[in-house]
Every structure is written in C-alpha cells, then in structure tokens.
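Letters are used for the chains, namely A, B, C, D, E and F, taken in the order the chains are written, and counting of residues starts over at 1 for each.
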Amino acid sequence: MQVLQAFAGPSSWRGVRAAPVVMMLLLMMTGSAMAQPAGGGLAPAIPGVATLAATTLPTGAWAKRAYDTGSTAWMLAATALVMIMMPGLALYYGGIVRKKNFLATMMTSYSALGIICVQWFLFGYMLAFGTSSGWLQNIIGWEPSRLLMLGVDPIHAVTGVPGAPAGGEFPVPETIFNIFQAMFAVITPALIAGSIAERMKFSAWCAFIFLWGTFVYDPLAHFIWGGGWLAQLGAVDFAGGTVVHISSGVSGLVAAIMIGKRLGYPKGNIIQPNSLGLTLTGAGLLWFGWYGFNAGSANAANGLACAAFLNTTIATAMAGLAWNFAEWCHHRRPTTLGIASGFVAGLVAITPACGYVALWSSPIIGFLAGVVCYGGAQLKTIFGYDDALDAFGVHGIGGFLGAMLTGVFASTAINTTAGVIDGNWYQLALQFYVAGDAVLLAAVGTAVIVWVLDKTIGLRVSDSVEIEGLDVGIHGENGWQVGDIPAPSAVLPGNAM
Amino acid sequence: MKWIVAIIQPHRLEAVKQALSDVEVFRLTVADVQGYGRQKGHTEYFRGKELHVNLLRKVRLDIAVNEAFVQPTIDAITKGARSGAGGKGQIGDGKIFVLPLENVVRISDGTQGGGAI
Amino acid sequence: MQVLQAFAGPSSWRGVRAAPVVMMLLLMMTGSAMAQPAGGGLAPAIPGVATLAATTLPTGAWAKRAYDTGSTAWMLAATALVMIMMPGLALYYGGIVRKKNFLATMMTSYSALGIICVQWFLFGYMLAFGTSSGWLQNIIGWEPSRLLMLGVDPIHAVTGVPGAPAGGEFPVPETIFNIFQAMFAVITPALIAGSIAERMKFSAWCAFIFLWGTFVYDPLAHFIWGGGWLAQLGAVDFAGGTVVHISSGVSGLVAAIMIGKRLGYPKGNIIQPNSLGLTLTGAGLLWFGWYGFNAGSANAANGLACAAFLNTTIATAMAGLAWNFAEWCHHRRPTTLGIASGFVAGLVAITPACGYVALWSSPIIGFLAGVVCYGGAQLKTIFGYDDALDAFGVHGIGGFLGAMLTGVFASTAINTTAGVIDGNWYQLALQFYVAGDAVLLAAVGTAVIVWVLDKTIGLRVSDSVEIEGLDVGIHGENGWQVGDIPAPSAVLPGNAM
Amino acid sequence: MQVLQAFAGPSSWRGVRAAPVVMMLLLMMTGSAMAQPAGGGLAPAIPGVATLAATTLPTGAWAKRAYDTGSTAWMLAATALVMIMMPGLALYYGGIVRKKNFLATMMTSYSALGIICVQWFLFGYMLAFGTSSGWLQNIIGWEPSRLLMLGVDPIHAVTGVPGAPAGGEFPVPETIFNIFQAMFAVITPALIAGSIAERMKFSAWCAFIFLWGTFVYDPLAHFIWGGGWLAQLGAVDFAGGTVVHISSGVSGLVAAIMIGKRLGYPKGNIIQPNSLGLTLTGAGLLWFGWYGFNAGSANAANGLACAAFLNTTIATAMAGLAWNFAEWCHHRRPTTLGIASGFVAGLVAITPACGYVALWSSPIIGFLAGVVCYGGAQLKTIFGYDDALDAFGVHGIGGFLGAMLTGVFASTAINTTAGVIDGNWYQLALQFYVAGDAVLLAAVGTAVIVWVLDKTIGLRVSDSVEIEGLDVGIHGENGWQVGDIPAPSAVLPGNAM
Amino acid sequence: MKWIVAIIQPHRLEAVKQALSDVEVFRLTVADVQGYGRQKGHTEYFRGKELHVNLLRKVRLDIAVNEAFVQPTIDAITKGARSGAGGKGQIGDGKIFVLPLENVVRISDGTQGGGAI
Amino acid sequence: MKWIVAIIQPHRLEAVKQALSDVEVFRLTVADVQGYGRQKGHTEYFRGKELHVNLLRKVRLDIAVNEAFVQPTIDAITKGARSGAGGKGQIGDGKIFVLPLENVVRISDGTQGGGAI
C-alpha cells in the first residue's frame, strides 16, 4: 500500500464567519439555542466524536500522493455501479407510469445523466468540492483550477480534496473520486422526476435539473461533504441521506405541489403501471448499484466499506419485508411493487447510516424504513397533492428517517461518531438540525427555480399532450409496439384524409 | 335488438362508461383498436427519419341493447365521448354504428333473447 | 499486501465422532465400503490432495488480521455481482411463465432476497459458518457471537472463519465474506421456484424458503464449506455445485411432485412464455453475476479467481452452443431459450469445477452440460412430473454432472486437488459420495418441510386463482398493461352491476 | 505491490520485413509518401512518443511474475462489465426491431458470446496475442502453447504477453487478460448484426462471425494490440476505436449492401421498434459495461484507468446531449432513442481516445460524436442502403471520428503520446493511415466472407420467413405474449383443418 | 348466413375450440377484449391505494356460419364455455350474439357466399 | 349501408390501405386478431417440447360504407390482400364479411346516416 502520508495539516479554520441570507433563514428555523453550539461550541463538547470536518482540508492545498490499487479498483467498480442506478431508476419509474408516458419517464433519468455530467464538468465539481479562500469555503467551492477540470490531476491521488472521508489510508486518484461524486449529482435530481412524472415539459425539466443541480445540490454537497459549514457541526451523512434523499424528496414535494395534479387525479384512471416487471427489475438494479453508492462512499476498499455493504444488505432486505408486512396489515395483499418500494425505502434510510451504525441495528433501521415509508406513501391521499411516484413519500420521508436513525444508532464500534446508543443525544439533535437545514434549502431553492421556470418557459405540457401521452406528444415516439398491427408506412400519402 | 359499435377516444372511455351507467346500460365489451379517419395523425421520428402516423389509437365498444335503449345509448355515448371544452365535439371523437341483432344467448344459464341482454 | 500471518493452528480434530440419525441414513446409502475411508482413512491415502478441511479452523478462534485491499475490492464487487443474480433469475423465470403469473414468479426471487437475508442475519450465518464445540462442529455452527451478528467484527479480517478456502494469502474483512455467503443462501432456495412456479401459495413459499434455508441449506453449507463432516472427507465444491445446485434441483423435483401439476398440464396450453426477451436478459444477468459467484469463491483477487473466471466463460459459452446443437439434432430449431438454458446449464456444471479443473477441460464440461441438461429437460415429459421451469432438469442434473466432472478433471496444475486425469479415481468416488449425501439431505429435508406446510397452511392456490393468475389472485397486481384501454378508475361506483 | 520487474527486454525487431498481399493493398491506399515513415522512419522522428509497440515483447518470452491484487480485482470486474455489454447490446438492438424479429435480433449477440468465446479458446487468443517467430509476428500470432489454452498459465501473471499496454507496473494474471480480450473479440462481430438485422439466415450469421473473427478481427487485433506491424507505426487505439468500431461498422456497411435491403425498405412500414424502453435499458447497460471496456483497457487499477473512466463519462454524456441537439435543430423533437444513440456514439468515439486525451477535450469529442453520428445515420437515406440499426452510421463513423480526434487531442499530460494539440501533426496522419488500413481490411475481408457464404449456405431467409418474422420462422419462438388470448394447446388435433 | 359473436372466459377458449371442432366448425377469429357485465371484478393495489377493476379480461370469437350451423355452433360454444363444475354455467361465462350476415368473400380465390364460409 | 369486416394477413395491411385509398375509402378501424382457418400453422418449441400453433396472427378491418362503395371496397381489399406473386391469392389471405348496417352517428357533430360515414 503506497500510503505516503496521512491526511494532515492545520485545521485552524473553525467558526462559521460569514452569515449570508440563507444562513439567517436557517437560524430562524432552528432557534438560537440550537444555533449556539452549531456556531462552534458543540464539536469539542463530545469527546471521541471525530467529524467529517476533521478529514477535510479547507486550505486548498492539493498535493500529489500515491494511490492504493485495491481502493482504486473498488472505486472504479463502485462508480460504474452508481451509474447503473440511472438505467435502474429509469426502469423503476418507467414501469409504474401509464404506457403513454413510459419513454418520457425513462427520459428524465437519461437526460439527467447527460445534463448533470456536463454541468459537473463545467463547474459542478468545483462548486461542490473545490476549495475557496476564507469564509467562502463555508458556502461554496470557488477554485478556478477545478473549472472545466483544467487543473484536475488526471492520474494521481491528491491531498486537499475535501470530502473524502475515509480516503486517508488507502487513497485513490482524484479523477475517480470526481466521477464517483458526479454520479451522485446525477441521481439526486433524477429522483425528483418521480414527483412530477407524466405532466412536466421536457424543456422545463432540463432547465430545472441544471438549475437545481447548480443552486441546490452543489451547495448542499459542499456544505456537508465539501468542507462547508454544516460539515463543521459534526453531523454525519455517510452516503447521502440528507444530501441526496432529503433534498430530492422535499424538492419533489414542492415541485409536485407547484406544478399541480395530473389531469383526472385522484379520481381518474391514473394508476396503470405499464410494466411492473420492469419496475421490479429497476429496483433490482437500484439495489445492485446502491452497493457502489453506499460501500463506495468509504472511498476505499476498506473494512468500513464492507461494513456499509453488510448494513445496506440487511436493512434493505428487512425493509422490503416490512413494507409487505405493512400492506398485509392494511389490505392483506403483499404486492410486488410493495416489496420493491420497501427495498428502495430501506436503501434510502440506510444510506446515511451504513458507515456509522452497528451491524445489529441495520434490520431495525430497515424495518422502520419499510413501515414508515409505507405510511409516507399514504400522505398524498390524505393531503391531496400528486406526488406521482412517491419521490417524497419514499425518498423524503425515508431520508429524514435515516438521518435521525443515524443519530440514534451511530456507534464508535464501527466509526468515530457516537449516537444515542452510545449515550450521545447531541448527535440526534445535530442530525435533526442539519436535516432541517437541508429541508429548508431544498424547499426554498426548488420553489424559486420552479417559479422562475413557470414564468418563463412554462412547466406543464398542454392538456392534449397530457392526454395523448408525453411519449408521442413530446418525444415523437411510442413505447410499446407488441401487437401485430404493422405501424403505418412513412411514405403513404393521403392517409390522413 | 341492436348491436351498437362505438369507436371513441381512449381517454373518453371513463366518461362514456359513466354516461352509459346513467342510462342504465351496464354491460358492454371493450377492445383496443386503431383507426384511420378525418383526424390528423402525429409524426414520429426514428433517428431523423419521419414517420407520419395516421393510424390512431382508439377504443371500440360493442353493446347489445334492446330497442328501447338504442337512442339513450347513442345519446349517452355521444355525451361522454365528446372531448372538446364544454361538451363540444372535436374531429376524431369517433362514430357510433348500429347493426341489427337477431338473438342473444347468455351462456351461464342459456337464457335467450332480449332478456339475456 | 498486508498479510500478517498465514492460516495456521492445530488441525488436530479429524474423525467424525458423532453419528446422528442423518448420518446413518447417509451411510446406508453409500455402503460401508465407501463409509470406511470417509471416516478418516481416505485423505491421507492420496498424497498431494489438500482439502477444504485443511484451510478451516474448527477451533473457533477468531483473531483480527489485516486485510488486502485488492481482494477486498474484488469481494465487494463479487458480492454485488451475486446479488444481481436475483433480479436476473426473476427475469429469467418471469419471462418464461404465462403473462398472468409474471409478477408472482418474479416475486419468488425478490422475496427470497428479503427473507433469507434476514434469516442469515438472525442465525443463518451462525448455523453455516459459526464454529461449535466438539463433535457438533461436524453438523452445524453454534456460536452465540455470530447470532444477530453481534460478535461479527465490522471492520477487520479475522482468522477462524471456516470456509474461506483461498483466503489465506490475501484476506478480506469478515463482513464481506459474510454477505457474499448470504447471497449464496438467498439464490439457492430462489432456484427452487422454477419447479413449483404458477401454482404455489405465496405464504407457503415464504415459509418454505425460511425453513428450507434453515434446515437444508445452512447445514449443507456447514457440512461442506463451514468445516463440517463432509469437508473432512476431501470432496471439493468450488462455488456450490453440490451445496447450491444439487440441493436446489433435487428439492425442486421433490416439491414439484408433492405439490402436483399445474391445471391442464401437460395437455393444456401451459407453455406461453410472456416475454422470452426478458428471459434472455435474465440469463445474461445470471452469467454476469455468476462471475461473482464463481470467481468470487476464490475469496481473493488472486490467480485462482482469474482461472475460475476463464473456466466459467468457456464452459458457459460452449454449453449454450451444445444445447443449441442438441435441439438442432432433435428438431432442427436452435432456439433462443435454448442457448439461454444452455448457458445456465454450463454455469451450473462449471460451478463446482471452475477453481479445480485445467483450462482445457472447461469446454468439455460445457459441452456435456449443454447436451446432458437438454436431456434432463426431457425427463419430465417422460416421467410425467411438472418441473415447470426445469429447476431439476438444469440445476439438479447439471449440478450433479458438474460435481462428477470436477472429480474427473481436477488438476494439480491449478489447485491442490487431483482428479481422474491426474490418476486419482478416489476423487470421483468421493464426489459421488458427497453428491449423493446432498441428494439425500435435500430430498428428505424438502419432503418433510413440504409435508408439514401442506398439513398446516396449505401448498396450492385455489383453482380459481390458478386460472385467473397468481398476479391478480395473490398479489392484486397486473403484470403488463401495454394496450390502450385505460384501466378502470378506482372511484367509479356501480360499474360492476 | 508485488512488482517484480518492469517490462524490459530487447525490442530489436523494428521494420516490417514481410510484404504480403494485403499490405500491398494497404500501401496502394495510402500512397508512398505516407507509407515511407510507416515503414520504420516515423517513430523516432517524434521525441517523447512512446507507442504501443514499446510495451510489447514480440520475442515470445513468457515468464511468470507476481501480480497486483488491486489490478487483478479491477480486471476481474472490468471483464464482467464487458460481458454485460452483450446482453446490453441484445436489448439495445432487440428493442428497435419489429416485434417479429425481437428474439432473432437478440440472438445475434448471444450466439456471438457462444461462438466467439469457443473460437477464442480454440485458436483466437493465439492468433491475436500469441507470439510468432520472425516476420510472421507482424501479421499473426502462431504459438502452439496458446492453442486450446494448453500453455496458458492458469494462475500467474506472465511477461511476454503482447498488448498489455499499461500492465507494466501493476500486472495481472494471464487468464484474466485473456478473457478480457475474449470479450472484445465477442462484441465486435456482434455489433455487425445491427446492419444486417431482420433478414440474415441464422446459419449464415454463425458461420459469418466465426470466419470474420478468425480472418478479420484476430489479425487486426494482432496488428494493433498484439505486437503486429501497425503497432510498430506508433498509432494509438486505447480501447478499440479502430480494432472494434471501425472494423465492425465498415463490415456492417459492406454486409448490408451485399445482403440487400429488407423487404419493403425504405417505403414499407419497416421502422416499428417493439420496445424502445428496452433499447434505452440496453444503452444503459452498454454505458455501464463500457467502463470495463475503456477503463479496463488500462489493464490495471491505475490512474490511467481513472482518467479513461472520467473521459468516458463526460464524452458520453455530452454526445447524448449533442444528438438531441442535432435532432432538435432538424425536427424539433429530442427523442429518447436519440439520447441513447448519442450515448453510444459518444462511447464509440471516446473509446480510442480515453486513455490519451486531456480531460478538457472529452466533451468536445463527445459533442462532435453526437452531431457527426447523427449525420452518419442519415447517410443510408441519402445513399439508399439498408444499414438497419445504423451499425455503420454510429460505429463506423464514430470509430473513425474517434481515431482522428485521438490524434488531435492526445496529450502527454496524461499518457505518452502527443497529438495535434501538443504540436504533433504526424500523429493525426498516423491515425488516419491506420484507420484507413482497418477500413480496407474490414471491407475486403467482409466482402470475401459474405461472398463465399452467399455461394454456399446462402445469406438471406426466404421471403415468407422474412414476412412472418425470424423469431417464428427460424427459431420457432414468439417474442411477446402479453395479450390474454391463451396460446393454443400443443395437443389439440385437427385445429389446422 | 349468420355472424356469431361470442364473449367467453379466456381459459375456456380451448374447450370451446374443441367443442366447435366436434360440430365441424373449424374457422373462426379470436380477439382480446375486456368486458363489463354482471361478473364481480377484483381489487388491485398500488402502494396502499385500492383499484376496483371491473373491466374483465375476455376473449371474443367471431364466427361466420351457414344457417344450418347456427344452433350447433351456439350449443357448442355454450357447452365449451361453461366454467362451473360438471358443466354448470357461472356468472361471467359470457354471451353469444347472433347477427345477420349478408355475404362472404374468400380473398384467395374470390369465392362468394355460403361456400366461402 | 353495410358493415364490412375483413380478416387479412398483417403484412398486407399497407397494400389494402393503399387500394382502399384508390377507391376513396379512407376511413376504417383496424384491430389485432388471431384466426383459425384453412391455413397451416407453424410449430414452436420450448426446451424440446413441440407446440403446434394454429391460431395465426391476422388483422381485422371494420369499414362502414354506403351501398355504392360496397363492391369497390370488396374489390380493393381483395386486390390489396392477395399475397401471392403476381396478385395471386394464397390460402390464409383471409375473408371479407358483409353485414347490414342500420345507422351511423358521427359523435363530434351528431350527423346521422350515410352522410356520417
């Protein structure tokens, strides 16, 4: 193992010196009592709690170091695994919608792959993981050498990349860390598509994810993973319960409410999954890819990655059973969509926790995820909004639950953070505070972006396109042609008479 | 007895079904069909190649009714199937065809004729 | 490579001291001549034959050791690969059945993922890989520290895990070995679903796999991989020809016979694969995931893993061609289901062999697998049982064939076991003996479990559910809605009049 | 890291001493001016340009060396990833064709897996990567120890394997290099199926790929990767832009022209993709697997692999957007098939480049790939040939473009080859020369093979099979049965009356 | 000549086909349809939300017959389509409709009328 | 008015549509059906087990026409639907059925009778 040097360097930068508007909002939300320790006093108060901040170097020094081939091998594989989550999500979402919107729904994932990867290349990586001078580092990355990836070392591992939590011992080249994180930036907005499915204009969608990635995801990732102000507080989020799931779920809810219900919802015949088998397959690919997401978030092929892998597996399996159990209690039918939804709920909830919690707690987290998210999916019926594919019900609720349970079950037996089970109630408060901040940022950011898009290019397809279906109406394509009537020829004139 | 065939827009099926219920016509058979008619089609694309699709997705209803129900059935379908704002019809809303029906047999109990409808 | 210490320690424990009832049955089957060397005399008689037993430590000492990041990287990836076999199997099986049972058939795989992972967490891992004191170690693991994974080291590699055959040089953390093995425990009962497809109650299925995993799989895995009595004999099974495929195939046969034929079989229109394209895709995912299964069974990123990978590829490819060849001889149609089935047959047969046999023998094994399993699929027509998707015909027959051919082609050029080609006929006898034991255990265990379930919750769905289809009848869902008739609204009252 | 020794040894063999007929053809094509430096003078003229040839040892010395477990872990995973490209390709192609040819189209990929893996075992590996004595090494591998893999070291890494470009520092066992390359040999002919889809006889297809693999692919791979004469010139092809994509695309064009158009093309109703959702899924699997293809071509878990991974991601994403952009300019509909096709075009174009070009150039390459290949897909309408699924339009054109852009953007900041941006215009000329040779070899080779097959077993299915569909007509199967009409029973007599 | 339309349960198709063969009716056209009728539907679920499905999967047969075959055809369908134990009919077994048919043309050779059936 | 039902080979749909256009019949409804008839089926295989498939994929056209168009429509279908070389018919090319039609209603504007066709 070519570990030349451990992460080191003065972490003299402590307090949150700047106070931009958004922070004021955040403070308003949490109240001054909570804000006080957040300002600097908390972390030292808990002995033995090393935080994300401890492993970040906000000083901007990027130095080459040798990498470990084992960790590099795993991060290459893990990044590919996260990538397959997009085709997985496309199938998962695409299979649930009506036949006429099958392709358009899949397209939300594929377009996110295209758009966000390019945005990441342009400036997304810099915003999230670049270092900034002084107080700006709290808020956003601003480091021209990471713009257009011009200064990214193509070959070597480098020190000074904020947000490589476990990368100390067995580091990997910057390029693979970069693309691993790119995939997180892709999937997060892609998840939102579940809330606005079957009615949003494709142009508006493209603009939305570009803006949302820039103004919501990149800052939030910087706050928590990129050495920003939330990282200073000591809250932990192993693979993105807050950054990915709370943010996308809450944004989905806001977007769904603002864009309005699908025509006919909830009375019409809206719920006609065209192919639940593909949805199940998509859930399977999501689980598969999620191993890269969760175990890859160790940033190394180390024991922590293995523990995260185990926790992910057990929590997910249990959550599938729990969802089936909940619906069996409710209506006596354990559905296949139910087990798939439960799996996804479990994956969501274990995401922030998997690298922090004791092995024995993973089935508890999974069970709660399955049952609570089943409840979450009923909320839309109660409150009357149209979160079409339950992005909020599963990702929003499940992500919040996971962030809290991380605070409960975090154990110093597996990582450096103590939770309630180790007697550290502060961690739970911290988790709540940070999750609340993410809710606020996502809600406000989404509301502003959606409002702007509504006033400019417009959000919704026309009624006739919604009736005809987005596949034909927007993309000029047809999802299924499995009957025997030959499609009409392109050349016959006069048929339309 | 008459055999009424109606070709309607798929998304009007529910409203038609409701309108038929209102006139106490509860039994019918539904099928996926495609139709050429006056309605303009749409264009699909395959890697830059245009395909003018004029064969449009429709739903076909087959309804056997006794004479007394013929006109109510036609009226109900017409009411439910019109897709324009305020119940105005639009091109493509479809057609209703009335054919003579000579006999009906209910398989389960062998009942014949009008009573079996 | 941080190899701190090679596996070492006194392997003083030799003979099989206990003689429980099941062993008496086994001895009856094989006769005393065969039983004699099995009792202790055989292994020394063959010079140069190191066995699985040699690498296991039944003494229960679990000590921390450093792990190798390269091997850890591979085992993380390999475990994810084995997990994707379940969605693969779901597609493979789901595509073959009638449309009305598409989802229910996929559900057999997904429910196995849920149920067995949880069972593994609870006590499955302990039963299979825990150590026991004294003679009990021959039969089952009984080590409270592995219950609920309470004592599993979350981060480190440990010595004393029985059944990590090649883990000596480049070890991996216990957690990833644990979950890698969990996936084996999942897929084995899931395979059985092929035999009882389209007619078994879901509740009975859930109970069945839980019991079968506990009373058949875990003991068998312990016997052969966990340092149990069969491991002492010197029989080899690299990735589970006996533990996985013989056991599931034979159990499938027994279950299929006990549950009875599908309504209308064989005269009715039973065979209407709803989507062979998905079956092909499932076979592709199975092949893909099987690399984790086979090459991962080296438990390290070593040369043996690479050899297993090569053998797996060549045997599988050849078996696909061989199946097509067989059906071409039979009826002049090389089918797509045929090549897919042949691939699976090849994968099954090479599973026990891939880490033991010379490279040149893999196409021979593949060819025989393709042809013999094609024959195996005809047996049900001859004998009149309804092994719906040929779990016995392919996995049972193919697994048995592979176990035998391992005895034939095992070569000391690649691993430590000599087979017939190295002049060691005893190995073939041993393979036969162990395979026979597995047949017996699986058959008896399955028969008892199925009988109990039949008397308690009942095995079969009602005729009307079988006619309507299990998707709607059990799960309340519909697999395909690719036509244009809108599904009826949930709210219209009075339609049923 | 067990790096025992760097690749070393006398590379005394320089000039291309033999002049077989095919080379004369090649020289005719490029003219003597170009041929001159190609004969030996060019490489030294460019300081700092290390070529593929530099890392190959045509002397045939295979010596054991220790391997690196990290690289081995990555190559195991990468090979599995390349394998999943075949099921991915099967879905990608299968989803686009008419329902009646769905399975037959998928079968082209699956049969390639079967046939070419076996051919590779028999002699393909030897032809491509074996060493030969003297001048023969320029043309083909001829090394009996690699026949039937009899002499392949099952466990160790060996020196003397030509064509392991970056394998020097962190080597891997020969077996995994072997199978990694096998998958390249499989996918290349499988790509050709896109050109001749929906009309070629299955028997002719099987014979075609066997012959094409032997007479076109293996020599070409040897020329460029196996230490053959093109490798001497200094042209670079990281993961197969020339060897894989130009060769398959051009061969597809030639085959499509020779086999003729589908009945009714272009006037009939030929274009009716049965399931574009599966095509999208296939494209997703292709992207996923392509990470193994491209980043795996570093043959190590090193920084170069990570850079290739990043370049692949960004170029692919951009190409998808570019294709959508092009069609938006053309007809205002960003299609889902368009983004998928763009992704594939981007993957194709970045393939030769990903390990050579600066990070900032990858979106440029991607953008050009998307736009140019969209244009490429229009050529068939202009020239009137029937390249059914655009294997030439995307792979041929995209591969050529990628080869050229590699010459443009190759940067010594990332690898040892300088391109136009580093002031080395010769590289571009070289790339053009080698690409031209590949075009010629593929075109001539394909033409001869197709001609022979036409005269012997015949190329095309009968008109009635083409009308009925190849699924039923050739394979005796039916791709989709998602309606409710039960398939007829196999036993009712007299129905056909 | 008559045009007989029968709506039956999908799983009875084979038995109906057999019964028709027995009365020497070998030619017919089959289609996937869905029907509303007296038969109770089933309930589907989507993440806890209930959907009452009353539009049920049926198979439609269209059979053109000469007069002499009308009654045998109806009887054969009735016999084959009944799904209860011992040939008893059950609700949902479907109906048979008899329409007048004026002419038949066999496309392959142009034969018209009864002989073309 | 007549209601013409034609069962044809799927791959002849385009030619039939063209032939109908030539006689100025532009409106029709198309459906996927399967048919038993004189035409021999094919054999499918499932892991060595044979399945004789006699239920063949066909396309059904329903066309409402005024009397004057009946013969031209029949002729056009016949012309377009024949699949043999040189316009010769082949077994399996299908049949045309002519049923009486009593009324037509265009839903969009309520027009009735011949004018609505």
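Just a few scattered comments:
Basically, contacts are C-beta pairs under 8 Å (C-beta built on N, C-alpha and C of every residue); 3 or more make two chains touch, one makes a residue touch a chain.
Treat the numbers as computed from the prediction; the structure is a model and nothing was measured.
In summary, the chains found to touch both subunit B and subunit E are A, C, D, F. Counting steps between touching chains, the shortest path from subunit B to subunit F takes 1.
Shared contact partners of subunit C and subunit D comprise A, B, E, F.
With each centre defined as the average position of its C-alpha atoms, the distance from subunit A to subunit C rounds to 35 Å. Subunit C and subunit E, compared by their mean Cα positions, are separated by 46 Å.
Averaging C-alpha coordinates per chain places the centre of subunit B 53 Å away from that of subunit D.
Chain contacts: subunit E has residues 11, 14, 17, 26, 30-32, 34, 36, 38, 45, 49-51, 55, 58, 99-100 touching two or more partner chains.
Of all residues in subunit C, those touching 2 or more other chains are 68-71, 73-74, 77, 268-269, 271, 273, 275, 301, 331, 333, 335, 337, 476-480, 482-490, 495, 497, listed in ascending order.
The touch graph of the protein chains shown is complete. Those residues of subunit F that touch subunit D in the complex are listed here as 11, 14, 32, 34, 36, 38-45, 49-55. Subunit C makes touch with subunit E in their complex at residues 268-269, 467-468, 472-473, 476-478, 483, 485, 487-488, 490, 495-497.
Chain contact summary for the complex, subunit C toward subunit D: residues 1, 68-71, 73-74, 77-78, 81, 98-99, 170, 266-269, 271-277, 280-281, 283-285, 287-288, 291-292, 295, 300-307, 309-310, 313-314, 316-318, 320-321, 324, 331, 333-337, 339-340, 342-343, 358-360, 362-363, 413-414, 479-480, 482-483.
Here subunit D touches subunit C in the complex through residues 2, 67-77, 79-80, 83-84, 86-87, 90-91, 94, 102-104, 106-107, 110-111, 113-118, 121, 148-150, 152, 154-157, 172-176, 178-179, 182, 202, 275, 278, 301, 471, 474-484, 486-491, going by the rule given at the top.
Taken together, the subunit F residues at the contact with subunit B in this complex read 3, 17, 26-32, 62, 64, 99-110, 116.
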